[in-house]
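The data blocks that follow each hold one structure.
Shared between the two complexes below is subunit A, which pairs with subunit B and subunit C, respectively.
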Partner chain A sequence: MKAGKKDYLYKIICIVTIAAGIAAIVSALILDFSGSKSNIRGPMLLIGMTALIFGIFRLPCKKHRQLINIVFLFPLVFAFTVTVIIPFMLGIFYSLTDWNGIKFTQFLGLKNYIDMFSSMDYVYSFVITVIFTVCNMLLVNLLAFMLALLCTSKVRGRNFYRAAYFVPNLIGGIVLGYVWQFIFNKVFIILIPGSLSMLADANLALVAILMVSTWQYAGYIMMIYVTGIQSVPKDILEASNVDGANGFQTLRKIKVPMIANTFTVCIFLTLVNSFKQFDLNFAITNGAPSRILNGKAIQATEFLALNIYKTAISKNEYALGQTKGLVFFIILAIISLTQVTIRKKKEVEL
Partner chain B sequence: MIKWKKIVAIAIAAVMTLSLTACGSNTSSSDNTADNTASGTEVSDSSAESTAAESSTESGGGEIRLVNGKIEIDEQLKTYAEKYEEKTGVKVNIESLGGGVDISGTLKGYLAAGNMPDMYVFGGEGDYNTWKDYMADLSDQPWVSDTDVAYKTSDGKVVGFPYAVEGYGITYNADILEKAGVDPASLTNINAYKEAFEKIDSMKSVLGITAVCSVAAESGQMYWSTGNHIFGSYLAQGLDRSDTTYIDMLKKGETDTDRMTQFADFLELLFQYADKNTLISGTYDDQLALWAQGKTAFITQGNWIDPSLPDYNVSFDSGIAPLAIMEEDTDGILADAPSWWAVYNEGGNKQLCYDFMNSLASTEEGAECLVTDCGMISPFASTMVEPTTPLAVSLMGWVKAGKTYSWQWSKMPEGIALNATGVIFESFAKGDIDKEQFVTMMGTAVSDYAK
Partner chain C sequence: MKAERGRTIAAEIICIILSIIILFPFFLVVVNAAKKSADIIINPISIPAKWSHIFSNIVQVINNQNFSYWNSFFSSVIITVISLTLLSLFSSMAAWVLVRNKTKWSDIVFMLFVSAMVIPFQVVMLPLLSTFRRISEFTGINMLQSYQGIIFAYMGFGGSLSIFIIHGFIKGIPYELEEAARIDGSSPEGTFFRIIFPLLKPVHVTVLILNGIWVWNDYLLPSLMLGLNGKIKTLPVAVTSFVGSYVKQWDLILTAALLAMLPVIILFLFAQKQIIKGMVEGAIK
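== the complex of A and B ==
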């Protein structure tokens, strides 16, 4: 009976600690939001949180285990909420207003969304980004797979090739962009006398960005293919060899099916990355050159990410930029979720 | 044993939460310097001296912070700030943003974080509209009567401190012009330019040049040269400094077809005699190198290229000629303050900021800092220090003679050159569209953008 009383007292102390902690946190937050400059609100918040966590931790109850789990999850959940969830919610809200980065004066509803889809530059950016994404995905994967085959074959110096193809990926996109801009503007016009810079022609400029992007990214994807190909069991390859399969047959009937999963990963990785292309686009062309469409001049290589950036930063229309960013997010989310679904299906089959 | 584990677990959990909350709650602190460097921008802030800052507050001098938008004069301003601290005991922290950093965006971040500088740079009407609620009224400052280029709002209030005057037109290589027998003073209308261009073009091999003009009209990185600067002549050339006819029309989404046609005539002439590769795909460096190496006679840039000239070992003399787009004589170049400093109206050190501005505007050391060290033109009439670099001297001549037109282009809707008009200039330069199309497309682009 005495022990029971002690437990009871102990529980009360814990509950009091928790209550005091909550009170401290709430008053600290109230102080903060009311604009008070008092210096105690920081320490108060800290002490409150410590008291709260300590109280929960020591609280004897049936669900002690779950409570502990929550306490340990708290730092992660807190960080995620503060850095992702809250800004995301605010972003959705701002996209419905005329926010300029500092404040908003009115609530616009869906006007930003309507404006966005009815402006030609955005629709054009959308189309050109899709074209770029598809081309880039095909090129990168094709090249990367061929390089991977080369680097897993018995060719002399394959480790050197492997490193060499990977190096472009280690250089930052902005640096690469300016280097290649120089090459397109200065070197190519000397190599092909009388020609004008590729970056001055609307279609060739897109090809130029594709070239650089493929060159930069193929080495990285190659590494993933290399690991895939290396994981193909040797015994199967030997068995096929004994059965008299030639190299092409081995590739088509054994290697490719065995690394189907790698293909899914690589295709979606390039898909998402090409869609998000910004740094090369920014450094090589920054949207130039011009293209005449329906009697209006527009920038021919302004991809979605760059379009969003320019809308928010140079036009100072943060709300519209936020709206475009949100649509951008939804598209990327759809792509990524598709990938997850496909992979799950594959895993079940395996 | 188990008890120890428990204690360790608690300690870890506590430390994790503590470290998180410590990040979140520390916004009231007045120690700005540590936060600035964390912002990820190219801040050349003097955060290393933060300990010195603390000691100076003890001496009662106070401390102010200035966000400067011209990275080129960062060193010079810091040197001046040191001298100023010795004299007055007030520490001025210069924080320079530049090299492609989005200044307005960075400032928005500072404002949201409660970390606004006491003084900050802003660059025209767009910025003013964004920041007008955070600017102190400077109308009663002593330097206001000493300058023509302070930032005045539509109701006549002064909110921007000018720290420089910049000017542009068509900058020429005086040696080449002299050899070709062209008098730069005669370049005051489109026909004079036509004759001069033709004459120089016919003597290219004699003069050792590859083209007459160095112009860059690519829309991705040179939009500001065409869409802002050159287009500025359409808005202001030949007009009184207070005449806002064409900029007012543009803000309403209208353009004057006659004037635009005249402007297009001049543009066509300029593009026709420009180096083709630089015109359609050149960067600023390409454009500058071409002219500075003596391969062209003209360049469409202003006095800001002065500091770059020693890099090319430029030995020739140079000057600025008017962007005379019309048939009538317009004898003057476009000169104005490129940006201004505003005082944060909710900052606690407003008086210290006013004092610092006054010292820059009215003292000998201030003038030396702006003119001699930074290589700029002082916007203040009372300044006696003379510039030494060639284009600054030329600009000074125009300013002294009162032959300047204002930079109405800085009142255009934000981002119009990058997002709407720059591409039209590029298309025209490439020959994709003709003069009539240029005029109509400029008209529709402006009306679409201004809406």
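== the complex of A and C ==
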């Protein structure tokens, strides 16, 4: 009987908490909608929401399990909706208007898309991004695979080398980009007497970014290959050794086919990440130098991510920047869909 | 046998040369952080004349208004630590609900999270800024240039991958465990916090490392939300703001770079294995 009474009291406390929470939220919203600038409306909303969630979390009732499910899902789903889903939807709409970052005055239809594809700097940026992505993917994977073979052979101090090759990947592209800007501008010109900085030449600057990107990324991809190579069963390798296969034959006929999946993962990972390259591009060249194309000066090393950023933030053309962002997304979505399709196909074959 | 020894030695020599090339930029940073600006121009590869000069450079950089090392260091720490804690907690909770409730809705929510991994930051960043500005004006809770705003954003952007990884892990935990707890009278939230959550430790390490490296090194999100000269700065933003103000002062810029790198390098020395493992696992899944 006593326990029953206690439960009852407990339930009432929960209901009161929930009611207080709802009251706080409603009054905060009333203040918001009435245009009040009162300072307490923010904290009131937060406290109200916390009270509401906590009350529901503690409320003893028959549907307790369902309520817990909602409470557990709420924080992340809420953050995800506000930061990803809503901006994404808004973005699609904004790309069809003359949005200036704050408001829009008219609906333009596909005008932004037409403007974008008919502007020279965007098409150029698109082309060099694709070239960079493909070259970087090939270089990173080639180097990473060779490093992985070295680091899984019988050399002493393998673990040290693995860690050493991995280090550049730990540090952000911004900091590394500035360091490399220094190396290109101050160190290389002294190491190679009489040479100019690579960053001053439109083509060599692209090569420079490619170099740094490969340097930064290869160690990471190497570790994925190392994990793959280590998963090849030892007895198969021993059997091939007994049968008299040499190192190259073992590599070509056994290791490579057995880690085909790792290759797919690494290739798509580098494709996506090279395509999204921003930090190094921003810190090493920030788009410079310029190049004359059809009598117009264009930034020679401005990849798409940087182009989007500059269109919106520097040139204040928000709607156009948003449109470019959407096309950027569509290309990445196509790459990812291709990967999923390949994966499904392989699973069927297995 | 002899040929094999020869090959191993050749491989070792290649390994040593490669590690020298790969680590050379770090050598340059340390060496030139201990020089005067004029000495760098003359010879950027030499060993510095006086190593102790590195301290005067460090003091100068730490006291600089644009860099304000300790402020940005602690801002970075606060943002990273709180985002990671909330992310691991909330994504474990959400992933657990999504795994253990086989309804149409849980499948839809999970698919939404997974497909959102494709969305690049560039496509949402501009509307995100305007949405956050609206929220700030409407509710009076400052979402731009504040800790709560950027941490909230990291929860939204990091949630997809975290839920995906933890979801896969929880699927491998036998359901009998939870049933047994329920029969013993445990409430669902008690079962989660006392039985499931402790079991998630290995996957939490992966999630913490993947998100940690990302949040710590991220530039675009904090630079847009906090601003280059705002009150709160993360380390990458502070470095950029510092470089912007000292165009040709390479001694100070490299010292700033060194200070920005140091925390991660120290962490790596202590937790090398876990970091490499975590980052590889995150990529394969």
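We adopt the following convention: the second predicted complex is superposed on the first by the 270 of 350 C-alpha atoms of A that agree within 3 Å, B and C clash if a C-alpha of one lies under 4 Å from a C-alpha of the other, contacts with A are read in each partner's own complex, and residues count from 1 in each chain.
The definition used in the following text is that a contact is a pair of C-beta atoms (placed from the backbone, for glycine too) under 8 Å apart; a residue touches a chain by one contact, two chains touch by 3 or more.
Here the structure is a predicted model, which means the values were calculated and not measured.
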| item | value |
| --- | --- |
| Touching partner for A:N286 - first (subunit B), second (subunit C), both, neither | first |
| Partner chain in contact with A:K310 - subunit B first, subunit C second, else both or neither | first |
| Partner chain(s) touched by A:A28 [first = subunit B, second = subunit C, both, neither] | both |
| Subunit B versus subunit C as contact partner of A:F54, first or second or both or neither | first |
| Touching partner for A:F263 - first (subunit B), second (subunit C), both, neither | neither |
| First, second, both or neither for A:N39, with subunit B first and subunit C second | both |
| First, second, both or neither for A:L196, with subunit B first and subunit C second | first |
| Dominant contact partner of subunit A by residue count, subunit C or subunit B | C |
| Which superposed partner A:V82 touches (first subunit B, second subunit C, both, neither) | both |
| First, second, both or neither for A:F104, with subunit B first and subunit C second | neither |
| Overlap of subunit C and subunit B interfaces on subunit A (superposed complexes) | 28, 32, 37, 39, 41-42, 45-46, 57, 72, 75, 79, 82, 101-102, 313 |
| Residues of subunit B defined as touching subunit A within the complex | 10, 13-14, 16-18, 20-22, 24-28, 102, 104-105, 108, 111-112, 126, 130-131, 218-221, 276-277, 280-283, 286, 414-415, 418-419, 423-424, 426-427, 430, 432-433, 440-441, 444-445, 448 |
| For the subunit C and subunit A complex, residues of the former touching the latter | 7-8, 11-12, 14-15, 18-19, 22-23, 25-26, 28-29, 32, 40-41, 43-45, 86, 90-91, 93-94, 96-98, 101, 109, 112-113, 116, 118-120, 122-131, 133, 135, 138-142, 152-153, 155-157, 159-160, 163, 187-189, 192, 213, 216-220, 224, 235-236, 239-240, 243, 250, 253-254, 257, 260-261, 264-265, 268, 272, 275-276, 279-280, 283-284 |
| For the subunit A and subunit B complex, residues of the former touching the latter | 28, 32, 37, 39, 41-42, 45-46, 49-50, 53-54, 57, 71-72, 74-75, 78-79, 82, 100-102, 121, 181, 184-185, 189, 196-197, 199-200, 285-292, 295-299, 310, 313-316 |
| Residue ranges of subunit A in contact with subunit C within the complex | 28, 32, 37-39, 41-42, 45-46, 57, 64-65, 68-69, 72-73, 75-77, 79-88, 90-91, 94, 101-102, 147, 150-151, 153-157, 160-176, 178-180, 182-183, 186-187, 190-191, 215, 219-220, 223-224, 227, 247, 265, 269, 276, 278-279, 282-283, 305, 308-309, 312-313, 318, 321-322, 325-326, 328-329, 332-333, 336 |
